[in-house]
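Let me begin by presenting the structure, written as structure tokens, before commenting on it.
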Amino acid sequence: MKETFINLIKDVDLTEPIFIEALPGIGHVGKLVAEHMIHELEAEKFAELYSPSFPPQVFVDEDGIIEPMKNEFHYLKSAGEDKRDYIILVGNTQGLSPEGQYDVCGAIIDFVEKYGVKEMFTLGGLGTGQNVEKPKVFGAATTKKRAEMLKDHGVTLRSADGGIIGASGLLLGLGVYRGIEGACLMGETPGYFIDADASKAVLSLLIDILKIDIDIAKLEERAEETRKMISKAQQMEQEMAERMHVAPGEEDLRYIG
Amino acid sequence: MKETFINLIKDVDLTEPIFIEALPGIGHVGKLVAEHMIHELEAEKFAELYSPSFPPQVFVDEDGIIEPMKNEFHYLKSAGEDKRDYIILVGNTQGLSPEGQYDVCGAIIDFVEKYGVKEMFTLGGLGTGQNVEKPKVFGAATTKKRAEMLKDHGVTLRSADGGIIGASGLLLGLGVYRGIEGACLMGETPGYFIDADASKAVLSLLIDILKIDIDIAKLEERAEETRKMISKAQQMEQEMAERMHVAPGEEDLRYIG
Amino acid sequence: MKETFINLIKDVDLTEPIFIEALPGIGHVGKLVAEHMIHELEAEKFAELYSPSFPPQVFVDEDGIIEPMKNEFHYLKSAGEDKRDYIILVGNTQGLSPEGQYDVCGAIIDFVEKYGVKEMFTLGGLGTGQNVEKPKVFGAATTKKRAEMLKDHGVTLRSADGGIIGASGLLLGLGVYRGIEGACLMGETPGYFIDADASKAVLSLLIDILKIDIDIAKLEERAEETRKMISKAQQMEQEMAERMHVAPGEEDLRYIG
Amino acid sequence: MKETFINLIKDVDLTEPIFIEALPGIGHVGKLVAEHMIHELEAEKFAELYSPSFPPQVFVDEDGIIEPMKNEFHYLKSAGEDKRDYIILVGNTQGLSPEGQYDVCGAIIDFVEKYGVKEMFTLGGLGTGQNVEKPKVFGAATTKKRAEMLKDHGVTLRSADGGIIGASGLLLGLGVYRGIEGACLMGETPGYFIDADASKAVLSLLIDILKIDIDIAKLEERAEETRKMISKAQQMEQEMAERMHVAPGEEDLRYIG
């Protein structure tokens, strides 16, 4: 296997859909949000991405069933108050090496661009390594106007203290010279596993920005479920990823998404 | 050398052969099983795989003869009670880097697929780091039905505590979206070298599942032989691989295959 | 994204321009010089380079605005006493892996060669790890004649104690077999951040060699500005790069450019 | 620069030349032998190899002159008693990454194969980490017959205690399935720099095997010269390579070539 490829499961017709990325990262924050959206809004999987840039392994679930490494595209028609279409990306891994990240994120951007994506949100957690009373949402955007919009919604704009490493950053960077605007939303989290509180904070904001209607309360249940379901291997994987990608900043903010 | 390539030694005609993989891994468990099968059932080598993804080195045997890094395909016609054909893969190395694993395993799958493979078993050891009284066989499968079958044969289905790293996992993962079903069988082993007991456990199971007729007793001899034959370099190689790939899980189960 | 690419912003016509490279390195020495030249001489950006060999991330500025990783080409017509044209390269990153450096530097050389570049200067800092009273400028050249010229201008020719790692070295190396002559100028610096003194030393020399007219005094202001502007992430990035690339020599001279 | 390439300096016509490889390795043992042969027998450079798999840097000599990373092919017509032709490869670096080694060694084999090479010797040092009274020469070969020949010449055939890592091993391995026979000769050395004694031992043997006529005495002078000439950077490079590639065996034999 030499090339990243996308297996199209269903032909769909979307009009300037909003693209939401939530690949695995700190505290499963983004992933939990996206999985909750997919479930509650009944988004449907229409494509899977496989890549030689993923870790060379498989996961095994509780019943001994093998799960290959993959990213999965879901779509949603006419969601929210303004009846927009959506593409939501989740998965059990990100590209492993730096070049692998470019390879996979490039393939993702190429794919969603074909569906007319002009706007994206990338979701993640921002690990502080400390207990968090009431999680803030940190954010950054590709344009001044969009950054202002985030601020108006209560997002703390990340200032000069850091960058955004991994898919959540890179997808936005690649979007810049494709004419795709975007923003990254990061829920504040200690960085330990399956942080439903940080996810709720991000989801609330997203509901607010996108004017979609989702039951937030059920997210806690989903978090519990996920805690049980994800294999120890996935947890180890994530811990490893965090160790690799994270360098402590002055305020000890950590982010990978 | 920029590309993995396969040197076809003999043209063979096989009908939906079962593919068995046993590249070097923990305790030489899988390799010993496969080499015993090859020897006892008189499987014949028909192809060799070379790859720039292998370690950049050669092994030197006791007589000062150089052995290049390679994987070797053997075939077997009409073995077992149900007269199935087999392809058995052994070798002195696996792909070195993550991308290298995808490269090599991709080439392997492409190759065996051409012979009509629809079913595979990947063999290995699962290192516990502790003494093992009577080695269990752990397993995982790509389908529920096949997992049930393993369970019926006494296999302990691996639960949420881990993934399968390396060729034994990746080949099954790649098989999933090629329509090749499969299972991984891992003999419980302390993880030290050349564990004939773990190999016997795996082989017994395989005999049971595949209904083939092999003298298990002789496996002990082969283990002794292998202990003498494999170079210190190969042992070092393996130790290194283990250190690289293994992260301790909760129950301290370790696997690479 | 699988390939490095250059986005041409403006078509320009240049005659045997001198190429000046100042990608991020120790003490921001070269970058500060180049940015000062670009600003004072009103060089105009005409192309941007993006690469999958860059780190898989983005920077975020004080206002929460996302900045993709990139290298930027500026041009200057008829500068200096002898009315030469110039191409000046700055950026927020270098290629990350060894192969990535070759990939990016190869693309850079290919690009500037098309504009008729026959001569280049690569700028950087040479970290001593110690306080520097009056920074010397160290240098090396691709030809004896050019090395003599540097010496005549007061440059300390680097002797057998080291090599030049990174873009500043590699671009000169790649130039050798393209018939592009060149020299590397490195300002002596403790290696801490934004060393305006080292930059002044390099700039003075460059003014002297190229017979260009620039106000050196203002460079101190620019250093101060840069100190404020560059994100902590960029600083971390640089520190990381230094740790990766630097091995202490006998006289404890360190260089990356 | 994306591809390894070879710059042909001179068209030469050779008949089944013997290929001798001596890229940098432990104790400069092989390199010193090859450079002595090139000088004494007046071999002429006819091709240079450049590669993106080399380290991304340049060396700087005592006079501040930049030296790109490269491998250099020399030829020799009708040398030795049996009037054979030779191709001798030296250089200031090897491929850096595992894949880089395959890339470069593959290009080397492709190149020499075109000149009809059917036989090769790879030269290096075998570091013991201890003082060596009278250096032995260790060796390995691709065929039994050739191994016997080495033994007859007093070579200690390396037994099961190790492999051969790097170009000296890999070239022989690649040769195996191209029908190029070969042997590796490794002079016993503590592993410190510029070991003329180990080089003398290897050269003596080579003179004996190839029936060539060279003044061994002068090799000591050359060693002294080399000690002065090679840059500290090259020494550091080598030390780094040793640290990366060497794992201690039972008898504490170390080899990279």
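Going in written order, the chains are labelled A, B, C and D, and every chain counts its residues from 1.
Just so we're on the same page, contacts are C-beta pairs under 8 Å (C-beta built on N, C-alpha and C of every residue); 3 or more make two chains touch, one makes a residue touch a chain.
Only a predicted model underlies this, so the values are computations on that prediction, with no experimental measurement involved.
Visitor: In this assembly, which chains make contact with chain B and also with chain D?
Guide: Shared contacts of chain B and chain D: no chain.
Visitor: Fit chain C onto chain D over the CA trace and report the rotation angle, somewhere between 0 and 180 degrees, nearest 5.
Guide: Result for this pair is 90 degrees.
Visitor: Compare the CA centroid of chain A with every other chain's and tell me the farthest one.
Guide: D
Visitor: Interface overlap for chain A and chain C, more than half of numbers shared or less than half: same or different?
Guide: Result for this pair: different.
Visitor: Hey, how far is the Cα centre of chain A from the one of chain C, in Å?
Guide: 36
Visitor: Measure off the straight-line distance from the CA centroid of chain B to the CA centroid of chain C, and report it in whole Å.
Guide: 51
Visitor: Would you mind listing the residues of chain C that make contact with two or more other chains?
Guide: none
Visitor: Building nodes from the protein chains and edges from chain pairs that touch, which of line, ring, star, complete or other describes the result?
Guide: Here the contact pattern is a ring, one closed loop where every chain has two partners.
Visitor: Between which chains is there touch?
Guide: A-B, A-C, B-D, C-D
Visitor: Chain D touches which residues of chain B in the complex?
Guide: The touching residues are 1-2, 7, 48, 50, 52-66, 68-69, 96-97, 100, 229-234, 236-237, 240.
Visitor: Can you list the chain A residues touching chain C in their complex?
Guide: Checking each residue of chain A against chain C gives 95, 98-99, 101-103, 105-106, 109, 139-144, 147, 150-151, 157-166, 169-170, 172-174, 176-177, 182, 184, 247, 249-250.
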